[in-house]
Amino acid sequence: MLFHVRMDVHIPLDMPVEKVNEIKAIEKAYSQELQRSGKWRHIWRITGQYSNISIFDVASNEELHNILQGLPLYPFMNIEVMPLNRHPSSIREDDS
Amino acid sequence: MLFHVRMDVHIPLDMPVEKVNEIKAIEKAYSQELQRSGKWRHIWRITGQYSNISIFDVASNEELHNILQGLPLYPFMNIEVMPLNRHPSSIREDDS
Amino acid sequence: MLFHVRMDVHIPLDMPVEKVNEIKAIEKAYSQELQRSGKWRHIWRITGQYSNISIFDVASNEELHNILQGLPLYPFMNIEVMPLNRHPSSIREDDS
Amino acid sequence: MLFHVRMDVHIPLDMPVEKVNEIKAIEKAYSQELQRSGKWRHIWRITGQYSNISIFDVASNEELHNILQGLPLYPFMNIEVMPLNRHPSSIREDDS
Amino acid sequence: MLFHVRMDVHIPLDMPVEKVNEIKAIEKAYSQELQRSGKWRHIWRITGQYSNISIFDVASNEELHNILQGLPLYPFMNIEVMPLNRHPSSIREDDS
Amino acid sequence: MLFHVRMDVHIPLDMPVEKVNEIKAIEKAYSQELQRSGKWRHIWRITGQYSNISIFDVASNEELHNILQGLPLYPFMNIEVMPLNRHPSSIREDDS
Amino acid sequence: MLFHVRMDVHIPLDMPVEKVNEIKAIEKAYSQELQRSGKWRHIWRITGQYSNISIFDVASNEELHNILQGLPLYPFMNIEVMPLNRHPSSIREDDS
Amino acid sequence: MLFHVRMDVHIPLDMPVEKVNEIKAIEKAYSQELQRSGKWRHIWRITGQYSNISIFDVASNEELHNILQGLPLYPFMNIEVMPLNRHPSSIREDDS
Amino acid sequence: MLFHVRMDVHIPLDMPVEKVNEIKAIEKAYSQELQRSGKWRHIWRITGQYSNISIFDVASNEELHNILQGLPLYPFMNIEVMPLNRHPSSIREDDS
Amino acid sequence: MLFHVRMDVHIPLDMPVEKVNEIKAIEKAYSQELQRSGKWRHIWRITGQYSNISIFDVASNEELHNILQGLPLYPFMNIEVMPLNRHPSSIREDDS
């Protein structure tokens, strides 16, 4: 089941750089593991923003919530979730 | 080069059904041809809406504009375009 | 899987009363059948509005979309969908 | 009498974890007692948000206000209240 | 139980004047009867707008909805309802 | 001359409780004196909010501004002012 | 007593030109008479818009409402009213 | 050339009172000098707000920007600029 | 003096194609004449929209208003005007 | 390929003046180098705002993102990106 998720990141300006880098490294590993599992299907950077558009393929709302809540950057994010369906005009087998 | 496009369709309530169906059929063919060419990478329906989220892969803003303006449903759509980049955490070869 | 749906109805002012009543009767039957099946869990009227708040329990986004698109009043509605999870503080067995 | 309440929680980033956990534990007990009494009918988590949708069944606006103001997380919440009615199409005896 | 209601009226520009005047006359009688009964406590015109701010004192959300839905101008109104409580600083016996 | 005023209070989370209580006590006395004088006609709490809806009856915009600016909680408030008129349908002698 | 009023005009596209010109001529005469009386202190066009910013000096909200409601273009306008005070830094005798 | 400017002032709550008063005094002198020169034509307080509406008469956008940027309260202000024209219905010689 | 103007065009869906094409042709000639005169400095299409971003270089607000009001598509446009200044970091001689 | 970028700068009020000036000097050098290279085509100050409107001419979204992310003031900016096309009415050779 597919979900469109937009994440906007707002890290406090006074957080020490090493701390920021540490969180980002853990975030990257966390994201890539979920990408390899197939649950985090796509992730793109929005040009000019510290924001991404992601497509998740999960078994339930519950699973999506747990994945998002587990994000190391979660406390610094604004997140919007939008459920998606296969489009009747789509020709890609794997877009559903 | 990738672009995130949201299309919301508002067909006038008094358009004859056959006319609507005719436009939709042409729209579908137009979309599928562009999908086969690789320019229209993804298209998903937003749950509960007559709206889609699409990802385009085009050579320029110009090309994207021409594709969108050529949509049979274009006169009845509200369209939002957002440029995308490859995300530094992405592991998919084809998401850039 | 639960979804929170808000429906705002805007029937054109010039639709004949009998036509309106006919659509509303079909809508009511459609809604009650889905309520009996357990898929349309709750429906409440928003005070002072021609709008409702509904809770759906469906197997997938796909199923929810098909139910909503099948509403006789669908062409006259503005619909917002929000996925829900069981709340960790909930004590109701049937709110998940 | 039914009310639809949305609560968005914004705990300050610099509150000590133990303090946060203590408030959350009191909040949970407070909520569950009200759920058992039947006044807090439903509570769901919004997917991907530190927010909930709740349905209250109270005798008056006054009672609802006192319940909400008594929430341990009240100082950190943004709250929206919307009065609800039984829907004419509802088949559930207990949704009014 | 008190409610704050804002009503914005948008009568179609092409409705015949006599029809408009007829509806307004019925609306006025309807409103004044409810004012005399004590259910429609206050009504004020917003300066420069075809809008009013009203305070209702009703037994339930249900009663308020029925009153509003019964307004002759209801099909041409945008209505917002906000529940009110007695304010702890109020000195008026009849503002609760 | 009547004015509709909405006040939303945002006291900083780190203000000491005694300080908060002291300001609130002065605010209450200030408000009640103005209510007794007839200038602050009505005050209601918005359910679930630290906000009020008030009706003022003053001789001029100037007088209203001075009253609002004199509120002990003024530095922590967001205030919206809307001029009101007697409504042509009103039957209350004292709602103008 | 001063009020800041913004008027945005939306004349229906299908109104005959002579009708439009007739209403505008009456509107102009109406406005200029009120300007000569001193009640309509200032009127400026917003660059690029069919909108104006006006300053009224009236005895009451009631008087302002009657003036605005009497505008020949009133049925085609969106109007916003904002009460003003003399500014403590103002040096103009006639800006209060 | 005329411009409509709205200034909303947000002085930090923790700025020492003497500092605030000092800035305000310089601001007042600065504003009055510009009023005497004819460049700052009008200034009014918005009722109930720490905000003003001002009309400037300057030779260019450049001059307006320099005046606004020179305001002692500039770092604490939100400013909106709207170009104005003489209105075709205006009878005041000096409103252009 | 420079101004940033955004124009969004909404031609009624039922206007005959020849009429639309005729207006567009006049619009194009009108725009190109102003471009040649140097008053309409730049015009770009917004990707995916029937909208443009334009930069005007005019002697006054008055001149800009007259140019915009003279646009053949003016009755079908939503226009936003924003005054611009030379930027202190700009190295282009002709961007002021 | 052209992009319209709006940058709003919000430097924290408590940043030491020397630090602010240092960042601004680096920002200016960075901007001017990109202007000389032709990638940063135009930059204008919005009158009355600490904001600019810029036009970039870059080879890809990627290049634009890297330029924006490299801005010394990037952590203190709110940035909006809008892709542009050559306008069919444009007569300037270099506006595409």
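Note that the chains are named A, B, C, D, E, F, G, H, I and J in the order they appear, and that numbering of residues resets to 1 at the start of each chain.
As a convention for this text, a contact is a pair of C-beta atoms (placed from the backbone, for glycine too) under 8 Å apart; a residue touches a chain by one contact, two chains touch by 3 or more.
Treat the numbers as computed from the prediction; the structure is a model and nothing was measured.
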Subunit E and subunit C - chains in contact with each: D
Superposing rotation of subunit F relative to subunit J, computed on C-alpha atoms, to nearest 5°: 145
Chain whose average C-alpha position is farthest from subunit D's own: I
Intercentroid distance (Cα basis), subunit G paired with subunit A, Å: 51
Centroid distance [mean C-alpha coordinates] between subunit D and subunit A, Å: 28
Subunit H, residues touching no fewer than two other chains: 2, 45, 47-48, 61, 64-65, 81-86
Each pair of chains that touches, named by its two labels: A-B, A-C, A-D, A-J, B-C, B-I, B-J, C-D, C-E, D-E, D-F, E-F, E-G, F-G, F-H, G-H, G-I, H-I, H-J, I-J
Subunit I partner contacts - residues on subunit J that touch it in the complex: 2, 4, 27-28, 31-32, 35-36, 42-48, 52-53, 55, 82-92, 95
Interfacial residue positions of subunit E with respect to subunit D in the complex: 1-3, 60-62, 64-65, 81-86
Residue numbers on subunit B that touch subunit I, as the complex places them: 5, 12, 61, 64-65, 68-69, 75-76, 79-81
Complex contacts: residues of subunit G adjacent to subunit I: 13, 45, 47-49
